[in-house]
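Each of the next two complexes has subunit A plus one other chain: subunit B in the first, subunit C in the second.
This part shows the complex of A and B:
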């Protein structure tokens, strides 16, 4: 059956059997290998993805269920970053040469391109924004800094669960190429400071992501650290 | 994975969905959130009818009753600030208890919990204690309203749907829940670890008069027998009584002759028989404090 899915800033068309799960679609058809194959029963959270702003398990969702819907995986994080706070954010992008393995292109061109893609998210691609693809989201960086990764199998799911929590708390806004549905952030009166999630909220958000090596203390620490950073950045 | 699934439908109207279900009732099933169906690996399912476009995702309060659409997710009930204190918080408590995973709660629907996981669901026990009513569209396109216990008494549930060739009763549209005024409610459960389903869950809704005498009692158990059950002997015992420690103690040992406890991989019948009175006493103690 034919499906049209907005996947990480790109409208993609697929033709798959009716019994294809979203997990199989993402890994085998779309090449999103950050989405991991775990329990296939919705217990481990290794296959977590964001569908229309909500974190879900891709293994217990048919691919057909996301037809005409929007999916974000870890491969879409550069797009989330580029649209996080518009031009102000992009002015702070480091020089490409400052980034290990950077593409070495002119940074001012990169900033200009990022601004234009923020206004036109459909145009966002790795070719146009190589430097953004070399950067880590503050959340990803916090996982590295807090040593919250060992084998890394559960990490993409934890990153996306945390991103969905940040979106819910209003710390970030998840981009959309459809602009029809998006997660509703906590309503906050103008002028009131953003608050990071509490440790309990982080623990609840990560409760569906099982880790068999690092444990949970370091990932929770990483998420809290990233939240503090996002709050301090405003 | 549904190995034999051949066709996926996402109809835009309830009538179209029911026609699809009635065209092949033995091999065609309803797909709501999919958390139970996709994890079940059923071989008998050849067609699914995805009901996500039927606009059954809704939550509203009317005349003190809560109307919950069949495709309302458990997470959206949790997030609704108007439901936090409804019926002593037992509805929200049962939704939270359903799964520790937000991912699962974002997908899992109330309708799916009632139709696919009703035997082991804490939410089913809570809805039974709250005397919930369900609205469904039958396969002959008649809209019916009935109590949730009558719904589970239908042949498709009584004999087990899975692979049995049973015809589904129709399409569940809505659940209506009301809490009696001046009542208190409590929900208790026991499990091996927090992320596991409950071994036994119990819910009670008790109404009291000005003298703290019980005027109405509804007590339900989940995961205890082969289906969620009320305890009529216990309920009639509690009528007109003040919940003193002595009454609570003897209530815990009342009414167990009428139900045969379930034995499965999670717990033996004798364990369930031993633990259920403990949960009942805890429920009554909590209600007596609020009375």
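This part shows the complex of A and C:
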């Protein structure tokens, strides 16, 4: 079946059997090797990706379920960063979606309406950001600095879970390549102070990401550190 | 702690692989694309013990897309062991690739390779097998009884201690005369301790990809801890010489012993050999949880003689080990249980006996700690009981008796790994300080429960006149049960999957349309509410503190040998090639630090490439806590050679007449003398002369490659050792036991480890934290359970409960540094030791909290509750008397 997925800043078309999981779409068709798998029963979070701003386990979704939706994997983080620094078009988003409180998900109908609205592909230019080696998101950098990575197999999932948490808390906005889709549910009114998540919130955000190496202490530290940094950067 | 100035070691250098891992770069086995890749799947036995009367693969073979089907009928019968150990392996050769008899639920029956996984799976269903079901035994205590089936009577099997009695391996070791020691004792105490089946559960499953290269050599890209053993062990199975095989280890997603095993490489390789096609074989999580390897369950009987003043006179330790259907690591694991536990305290007389028996259950193997967690659960519980009998503080009792610097550990000499060992004398021991630091942190004096039986007399919750409080409490007890679902009885959980589903946060996340993501936060708020209630309201929630002391070793003395090769490049960087296997442990980073320290440069100048049987020298692999101590020493030696060469070249360059080094400003060449190499120092990528002149590493290398006396600056070295200096560890747990439900909540877990000089303290801490998380599962929530036919009941992470981020107690880790004179820059091992003492520390803490002694892991609410009930009974019957 034919699918059209906004994957990491690119509108991609796929033609896959109907029983293809999102996990195999991402790994085998799209070549997103950052998406790992540790169970394929929805229990470990190694395959976690962000779909329309929410963290989901790719192994128990069908690829068909993300048709006309927006998927972010760790490969897309340079794009998330590029839009952090204002390069993406999220500033142009209409005021109407400026909803406080986290319930601002657009229905899939409006997604469908914006199907062909991939615009401004230069928003994220690979020339400008030739390599993620020079371009780690503060969160990735925090994972590196805090020694939060041992084998690293759970790391991409943890990073995406944390990104989704940050977006939920309004610390970052997840970019969208679709004109009308507000991916990030929260936009704080100017003047309202952003608050970093509490340790408990971080632990809950990571509760679905099993890690057998770290004991979670350093990953939690890394996320808190990155959150602090994002808050202090405003 | 000696005051030594280190530049690169003893620093929190960032891991050399962390940037690529943080950015999700494809670096694991599965992260490659291969043209024409086919997929293999295994048909596992549904029966615990059966003979295959007939196996029909025709239909499967006819299925479109099936490339090959392997069974015992078309595979040569070559006995071997799947244990990835040095040669000759101390594990029995009781396994063949496929057999006509299956010995546990999960044993291999057939393997299919097809164009896709789905086709392979469909083909498995088409294989017709007639089984003659044989009687099976699941009880290790009965393994040698008459009427119990013998599992390995075939004459071609070798190295089994007694096939006639189902004994895979047997060990006997004595120091002094235990009987005499017991006679000299004023108190003799006995106890039996049992530990259960648990699984390594690395998040990356076992996975292998094989293909033939252009030269007709077999490439094996595999998630392994032991690449060199893989090559050696699969060669005779697939009928290729070692020369024709290359094993490549990319990044590994955790191993913990589970990948010290040749579990699937032989099959994948055989498919490629037979079909010429690249092949991929990966275990599913369900396969991991029954058809991979486990920790050896053991029944440990301890008997100790002691004088009233706490002096130990004798110990006898008797282990009955369940090795499952095959004897993988059976001998050596029980050797380690004994040799570690019996080395820690000064027992003048020791008797040790261990038997590993076959049962029709999953195959046990290597798992971090390798016998030590089993042995120390028994020993540390036992020491606690003894201290109580003597009326001594358990901490003081241990302090009086543990080994110290300069003392021998006599058991090590008679009990090596699978054979006699070598004399060991402790050269560094920081255990006293570990105990002190941990005791201070946990508040040993203030937080020990002075009266573990107090709860029996305490007011019941319902007695409370304050209705508000009791309402709140019952509500909490509800939630409490929820959030502690992991700690409730495993069997009941499994039988009730639905109720479990709502408790695990993971299930919820799948529903992207589900707006109510709050469910994930369920376990949160509880802690504070409960601790508010703790004081002054009821005695229902009882706190207690317990501790344990443990040791490990650093490599297998007289057995492990690791090698390294370093070469210099013209920009002053170096290629370091080691056989040692970083499986997520940080070994590559540690090597870069050791190399940089030795060469006088920074770790980022070292390009580490590890574990490729074509490209790197030999190493046994990542096990036995050997990498830092053994392979680290090899790296240090190789770098010392390279450094000597650098100094020689630099000396020439610094020659005032012939040399090329710049003269310091204002000095005439006549006033400058040629330095001697022994006066030169390497520092920061330069060779510096005493007079302040220097040449840089790139200048040195350029000259040696292109100009004068040309040669490649390089060093290569091997290291093996008859010493195996033990790291030491003290662990402290504070628990809260609910006297009404039996639920144990670990509040704090303190670990203090003496690992010599930590080459990278942050990485060492990470090893502690990860080991503790695994050990918490071992102590409380993880258990492989089987039905009465030996069928596994928990085959997913829903049912096999490893700790998650919200389950963790407060952790604190201390590195108590000593300097181990035989280690590279004073280092000893760290990876395994912190897993050993968590379970006994918790068991001892539970005892301190409520007076219930749990001698049988895991510590489930059911067991605690039973203990509480019998205490209450004995209390009330005592009251009646």
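The rule is short, and it goes like this: the second predicted complex is superposed on the first by the 178 of 234 C-alpha atoms of A that agree within 3 Å, B and C clash if a C-alpha of one lies under 4 Å from a C-alpha of the other, contacts with A are read in each partner's own complex, and residues count from 1 in each chain.
To be clear about the criterion, a contact is a pair of C-beta atoms (placed from the backbone, for glycine too) under 8 Å apart; a residue touches a chain by one contact, two chains touch by 3 or more.
Bear in mind that the values here come from a model prediction, so they are computed numbers and not experimental data.
*Asks:* Pick one for A:64: touches subunit B only (first), subunit C only (second), both, or neither.
*Replies:* In the superposition, A:64 contacts subunit B only.
*Asks:* For A:18 in the superposed arrangement: first (subunit B), second (subunit C), both or neither?
*Replies:* In the superposed model, A:18 contacts subunit B only, not subunit C.
*Asks:* Have a look and say if subunit B or subunit C is in touch with more residues of subunit A.
*Replies:* C
*Asks:* Examine A:204 and indicate which partner it touches, taking first as subunit B and second as subunit C; both and neither are also allowed.
*Replies:* both
*Asks:* Would you check which partner chain A:56 touches, where first means subunit B only, second means subunit C only, and both and neither mean what they say?
*Replies:* In the superposed model, A:56 contacts both subunit B and subunit C.
*Asks:* Using the touch definition from the top, say if A:213 reaches subunit B (first), subunit C (second), both or neither.
*Replies:* Second partner only.
*Asks:* Touching A:176 in the superposition: subunit B (first), subunit C (second), both, neither?
*Replies:* In the superposition, A:176 touches no partner, neither subunit B nor subunit C.
*Asks:* After lining up the shared chain so the two structures overlap, which partner does A:83 touch, if you call subunit B first and subunit C second: first, second, both or neither?
*Replies:* So A:83 meets neither subunit B nor subunit C here.
*Asks:* Looking at the overlay, does A:46 come into contact with subunit B only (first), subunit C only (second), both, or neither?
*Replies:* A:46 sits against subunit C, while subunit B stays out of touch.
*Asks:* Who does A:143 touch here: subunit B (first), subunit C (second), both, or neither?
*Replies:* Second partner only.
*Asks:* Do subunit B and subunit C touch any of the same residues on subunit A, and if so, which?
*Replies:* 40-43, 45, 48, 54-57, 60-61, 65, 204-205, 207-208
*Asks:* In the complex of these two chains, what residues of subunit A are touching subunit B?
*Replies:* My answer: residues 1, 18-19, 21, 40-43, 45, 48, 54-57, 59-62, 64-65, 67, 161, 164, 204-205, 207-208.
*Asks:* So in the complex, which bits of subunit A are touching subunit C?
*Replies:* 27, 31-36, 38-46, 48, 51-52, 54-57, 60-61, 65, 73-75, 77, 103, 105, 132-133, 136, 140-141, 143-145, 147, 149-156, 159, 200-220
*Asks:* Using the touch definition up top, name the residues of subunit C that touch subunit A in the complex.
*Replies:* Where subunit C meets subunit A, its residues are 12, 14-15, 17-28, 30-31, 33, 200-205, 251-254, 256, 284-285, 504-507, 509-510, 512, 515, 517, 520-521, 523-524, 583-586, 762-763, 765-766, 768-774, 796-798, 802-806, 808, 811.
*Asks:* Touching residues of subunit B toward subunit A in the complex: what are they?
*Replies:* Going through subunit B, the ones touching subunit A are 1-8, 10, 31, 34-35, 38-39, 48, 50, 52, 75, 99-104, 106-107, 195.
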